[in-house]
Amino acid sequence: MLKVNQIKVHYGRIPALHEVSFEVKEGELVAMVGANGAGKSTTLKAIVGALRPVSGNIEFNGIDITGKNSAKIVRLGITYVPEARHIFGPLTVEENLLLGAFTLDSKHDIEERLDHVYQLFPKLNERRTQKGETLSGGEQQMLAIGRGLMSNPKLLMLDEPSLGLMPKLVTEMFKAISLLKEEGRTILLVEQNVREALELADRGYILQTGRTISSGQGTELLESEIVKKAFLGL
Amino acid sequence: MELATQLIAYGILMGLVFALIALGLSLIFGVMNIVNFAHGEFMMVGMYVAFIISSYFHLDPLISLPFAAAIGYLLGVVSYHFLIHHILRGPMVAQLFGTFGLMLFLRYLAMFIFTPDVRSIKQGILVGKTLSIGWLTIDVSKGVSGGLCLLSFALVYWIIHRTKLGRALRATSIDAEAARYMGIDTKKMNALAWGIGGATVALAGALLAHYYYITPTIGMLFTIIAFATVALGGFGSIVGAFLAGLMIGLIMVLSGQYVSELKFTFIYILYFLVVVFRPRGLFGW
Amino acid sequence: MKASKRIFLFLFVSVLSILIVSPTLFAQVKEVKIGVILPLSGPLAPIGKSLKEGAELAADIVNNKYPELDISIAKWEGIPNLGGAKIKLIFADSRGDPGWGSEQAKRLIEDEKVVGLLGAYQSAVTKTASVEAERAGIPFINPDSTSPALSKRGFKWFWRVTPHETWFTKDLFDLLDGLTKGKAPGVKAVPKSKLEPLAVAAENTEWGAASLAEIEKFAKERGWKIAEGFKYPHTAADLTSETRKMIASKAPTFLFAPYVADAILFVKTMKEMKAKPRLIWGQDAGFVEADFYKTLGADVNGILTRDLFSAEMGKVKPVAGKLNEMYKKMTGYDFSGSSARDFVGVQVWAHVLNNAKSTSPEAIRKALNELHIPGKELVMPWKGVKFGSPFPNDTQQNELGSGVINQYQGYPDGKLHIIYPFEFATSKLIYPFPGWK
Amino acid sequence: MRQVLKDIFSFEDRPRFERIGFVVFILIILVFPWMVHSAYGRVVMIKFLLFALFGLGWNLIGGYGGQVDLGQAKNVGFGAYATALMMFWWNTPFWVTVPIGMIVAAAESFGVAYPMFRLKGHYFAIATLCVALVWKELFVFWDWTGGARGVELTIRPTPDFTYMQFGSPIYYHYFIFLLFITQLLFMNWFRKSKLGYELQAVRDNEDAAASLGINVYRTKVITYTITGGLGAVGGSFMTVYYLYIDPDFVMPLDLSILIAMTVMVGGAGSLWGPIIGAAILIPLDMYLGAWLGAGKRLGIDFMVYAVIMMVIAAREPRGIWGIIERLRKKG
Amino acid sequence: MLLEVKNLVKEFGGVVANADISLGLERGKIFGLIGPNGAGKTTLFNCIAGYYKPTRGNIFFEGKDITGWPAHRVTKVGIARTFQSMKIMPNLTVEENVMVGAFCRISNRLVARRDAQEILKLLNLAEEANVLPTELPIATQKRIELARALATRPKLLMLDEIAAGLNPLEIKEIVQTLLRIKEERGLTLFLTEHVMEFIMTISEVVTVMAAGRKIAEGSPEEVAREEKVVEAYLGERYAKGKSD
């Protein structure tokens, strides 16, 4: 479904990604792990078109989306739930969700998606008229994911959904992700919680200083030396 | 009593125009945090559109309103794509003098084309007619302008707060990065904000041209008043711009009645006092 | 050398070369250069433009033969006593900024090597620019600034051709007094109570402040009450409250001293408010510009304005009529007080150069102080040009000048008719002010 | 004390090419009046030095402090009026009026700084603009300032070092150069001082600065006060240079903006930025104005000027200094 | 007692963010502060560090009442902090960033520079001294912030979520660094964190907050066992994981 081929990204003159290659197949949950500054978020941003790769290409369902702008990429069915949530604070929960459905045009579809998200996260339904900024951290994360689901994406990319959440919510978050997986949704997950992420994932990739250095089945990776040494400090 | 009512009526009518002028500035600031020094020049362009329609095509200046709005929209979008887009990333100082350059350019382009002569519109359904209600005398063109300002305001308010496009615009203003992830083309949204800003202020110019003189250098004065209006109401707040516009119109007329030499001083001091106690303006986010 | 160093050096060298390569023109034998400083950009650009056109017309007449005109400069082809040298005007834009005025004066004097200066309309600019002439010892002829202070500085190299504010205000009160005595053409004596009190609105510039001060002074001397006299910020966004204040004072006589933009706004606002003054008088500047009557059309009818010139002058002075035609052909509108003043400025320069028979400053200075141009040479209704001390402390001020007070009649296709001096009147005074339709 | 003196006169920490450039620049200015015979060239040079002086002062609050102040003209006005009025009334020597002008401007800045620094960003910028306009209106309104009619000083026939009046611009050239170099050396000390670093910390992040023991508010107020005082010096110079001042001349909005602009074009927050900015904008403005300003069609000079401004803003928001720095890093 | 918080209340327009919090930090120990998002931990930090004025209650530092003091004064008495979201000064070099911190105690520029260099060495940042911090990765920027705080020579160092977004290995590194500088400089540490691997290993005393109140206090083991804490914060899984 998604094929990333040796992309290279620079921030100004500083290289952030050297060569990153991986793929995500339909219905898979793929986790991407790596140290800080390894380029995980950069990779996701490059996929969603917020950053333009200097070389390499990205293919989605056979379409080359390298360097296309976000608006087009989102229309093709990729959504990105950014790190640190990026909720529209002054807007209500429902407005936030409706913005998630910006690329949908049919009123009927939007209603349907809205119902679906409310079913998935009943808390959001309770707070639909509240302003986004008044929600707690966990609820905001739900809202961010719900917003990402509104366009009914073919590929959902989650960037550190557990960041800054308390342990209890971290657990709930992973529960929610596994629920989405059961739904059959294709997910690309970036996480600092290496253990939980790899346990949940079908497959995983390890990023180091802007390169994919290893890949494999989630649980396999978890047992590998690299992960044990570099991430778990065992 | 008679005097007071009359003055208040003038103040409100003037204030409505100030508010419409300030609206675009506020909107642009709200969406991309940039102050436009060329705002008054956009208004001046609107005035010349009305002038051309009336003097060269001998049509009623009222007909110029949609043209002024359209040209203002175009001017806003073009300025955005050629200049503003490129200075957005820069520091605030660079933005200020980028738009200042735009201001100088438009002003002297107008002087180049139209010469520095003072113009005004002589013929039109509304021009020079007055209406008396009791002892209240109102220039019809001012009354109609006030009404149209109110209408435009309502329209923009409706677009921003009730439509999908407006929601996208607001999202862009809150968090452009996140808006992009929603599939919103933020560049288009910024251009749209500039378009609406240009259209409203050019419209205000075309309305103002009905009873005001036109020269290439007229912009700066209104730009500063618009700054004070917007800052008073709170940058980015539409309702704030509206109420602050009315306030400034009233203060200008009332203080002009008593201490006319210092009437701008009162506006600046009012602005100063308000922001000192409410540093983000009356209705700022 | 590293690239960085080269860039740095390049920067300074290029700045230096910009500074050095400045306009240096070769002086031509058959040319006399006169520097003209005018506000050609900025808010006063409209007036600057007409001043410039007036000066250009005069230079053209000096330099070429116009046998149909009955003044001496028209018979010349250049300055006769300088071997037919042509007058070349070098214009400089003051931007209405005193600093720029001073700097352009320096440029004209030293780099352009002009024999003298002309200008600079705004009194503030004239002040700084004339300081440069004074320091350099170069004559500065000022045809167009009316602040009384200018001729009271005791400058050795400064001559003013135009009458100043004190005069004009005296004219105004002569007119008012004349009205009460029945001297005004076509109007029976008006009781003073119908004209009193006065209401005055002046812009808060050097010129406006001077006008207001003079009016207040004369009103006191001649015993006229002032109900309302105030200054207001010039180029105000709105003048409703000021106009309202004038109306509320219930004064029958409105006196104004604004530049053109505000003048237009005042009249429009008065019309809108249905003001019913019996007399409206404007202090030149805004009220005489072409923009004023072109913009307002019929709404100007009945307004009086202090001026130096009227197109109707042709009735009294045929020369003026012919010149007006020439000017109208050139620009499309009538000669005005502004354009006429700089016309006279160039004219004075031509006479002085001719009398001096030399371009040396001392010779010119001598010629200026001995100058006497008779009234018939001038487009103005003056008795002539002769520098003296007409009011206390005045030095090198034309003492033969005088103003006129005109009335707009029959616009949009009408004329500015001379009302005062009464002996020059070209029409009956329309009194009281007819109001707006 | 020795450390302070060393900090004032030493440019050791700057790269060599800057020091060489600086020496060349000083030499050029020193020999300028003897090499250049165009009077306008000299006038432009004086105006360049004047605006470089203004820019250096403004750079303090606007560059190092990052607070966009659009009201510097009011301080210029205070300096100009202090000198003009005291000379006019009491015949006070110039050198006495300068410190008084500086004190007045600094005191006023200190007074308004208190409420003003509750504001940030654009709100602050517009507040400074408003305060300057209010002062200008008051100076027009009051009678004791001469109102709109301004103050005019009498010409002294001989060169006079007490009242700093000279017939020849050469004197003014060295006179303004002296003021300029003094201010430059002050800035050289300032950028290395504790206050200088604290100010930059405040500009970059106020919360972080506070967490490091910096009194953010006080730092801003002090800087704004000093900036006010520095602005007044150039005003005093204007009075004796032009011999006439009025509010429209010495304290208009245009002047505030031009001062800010020279710094931005050169590069805000760098030592040389204001000088480079003035060296580009002032000659450009004055020569364009002189060559194109009085032509048949009006406004071409400003249009050229405006286009240059827009291009710099869009292409190099950090000013010319930004370009030089970048090239240096590359080369 | 180095720092004492007594009955501290902080309200924002009627919303109570901190309700009656009392704390005591002993000199030379490491204290942890945990609690759900929105429990008021950062608010408490901001009250102590002088960014907010408490509505009621008192804060004592070395017996001195510092309630309501502005941030810069609080720093001067010896409390330094880092921020949850990075607040680095982007236009100053790494060394200058740290130098500004040193200016808190030292007015001489040359001495301050020497001091800054020393601290950079201590945190293995010496090589980055003349680089602009924005060019460095987040983890390094966090260390710069730490260095900057240290340069003010604090007695109490408050770290707000310094381990957020770091992976387990990086967390290990930072724990070691913290322990080292604590010993060398005789510091008292006060930390908030969500990363349990971090806070539970390093802290000697842990305080738990929920909904603006203090709900538990004690050694990490004690706290992790408390039912209230598990319910409100840790969740079943963590508690189970620990007991395994």
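Letters are used for the chains, namely A, B, C, D and E, taken in the order the chains are written, and counting of residues starts over at 1 for each.
Assume a residue touches a chain if its C-beta (ideal position, glycine included) is under 8 Å from a C-beta of that chain, and two chains touch if they have at least 3 such contacts.
As the structure is a computational prediction, the values presented were derived from the model and not from experiment.
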item	value
Intersection of contact partners for chain B and chain D	C
Labels of chains that are neighbours to chain A and to chain C	B
Comparison of C-D and A-E by number of C-beta pairs in contact, larger one	C-D
Farthest-lying chain, centroid of Cα atoms versus that of chain B	E
Rounded Å distance between chain B and chain C, as computed from the means of their C-alpha atoms	36
Chain A and chain D: spacing of chain centres that average the CA atoms, whole Å	52
Rounded Å distance, chain C centre to chain E centre (Cα mean)	74
Centre-of-Cα separation between chain E and chain B, whole angstrom	48
Residues within chain B bordering two or more other chains	108, 111, 115-116, 261, 264
Contacts with 2+ other chains: residues of chain D	137, 140-141, 298-299, 301-302
Inter-chain touch pairs (all)	A-B, A-E, B-C, B-D, C-D, D-E
Touch list for chain D against partner chain E, complex	3, 7, 192-194, 197-198, 200-201, 203-205, 207-216, 269
Residues on chain A engaged by chain E in the complex (per definition of touch)	14, 33-37, 136-138, 160, 163-172, 192, 194, 229-233
Residue numbers on chain E that touch chain D, as the complex places them	49-51, 70-73, 75-76, 80-83, 87-92, 96-97, 99-101, 103-105, 107-110, 112, 145, 148-149, 151-152
Parts of chain D lying in touch with chain C, wherever the complex brings them together	17-18, 20-21, 24-25, 28, 32, 35-36, 38-41, 43-45, 47, 137, 140-141, 147-150, 152, 154-155, 167, 169, 238, 242-246, 248-249, 276, 279-280, 283-284, 286-287, 289-291, 293-294, 298-299, 301-302, 320, 324, 327-328, 330-331
For the chain B and chain A complex, residues of the former touching the latter	164, 167-168, 170-171, 174-175, 177-185, 188, 285
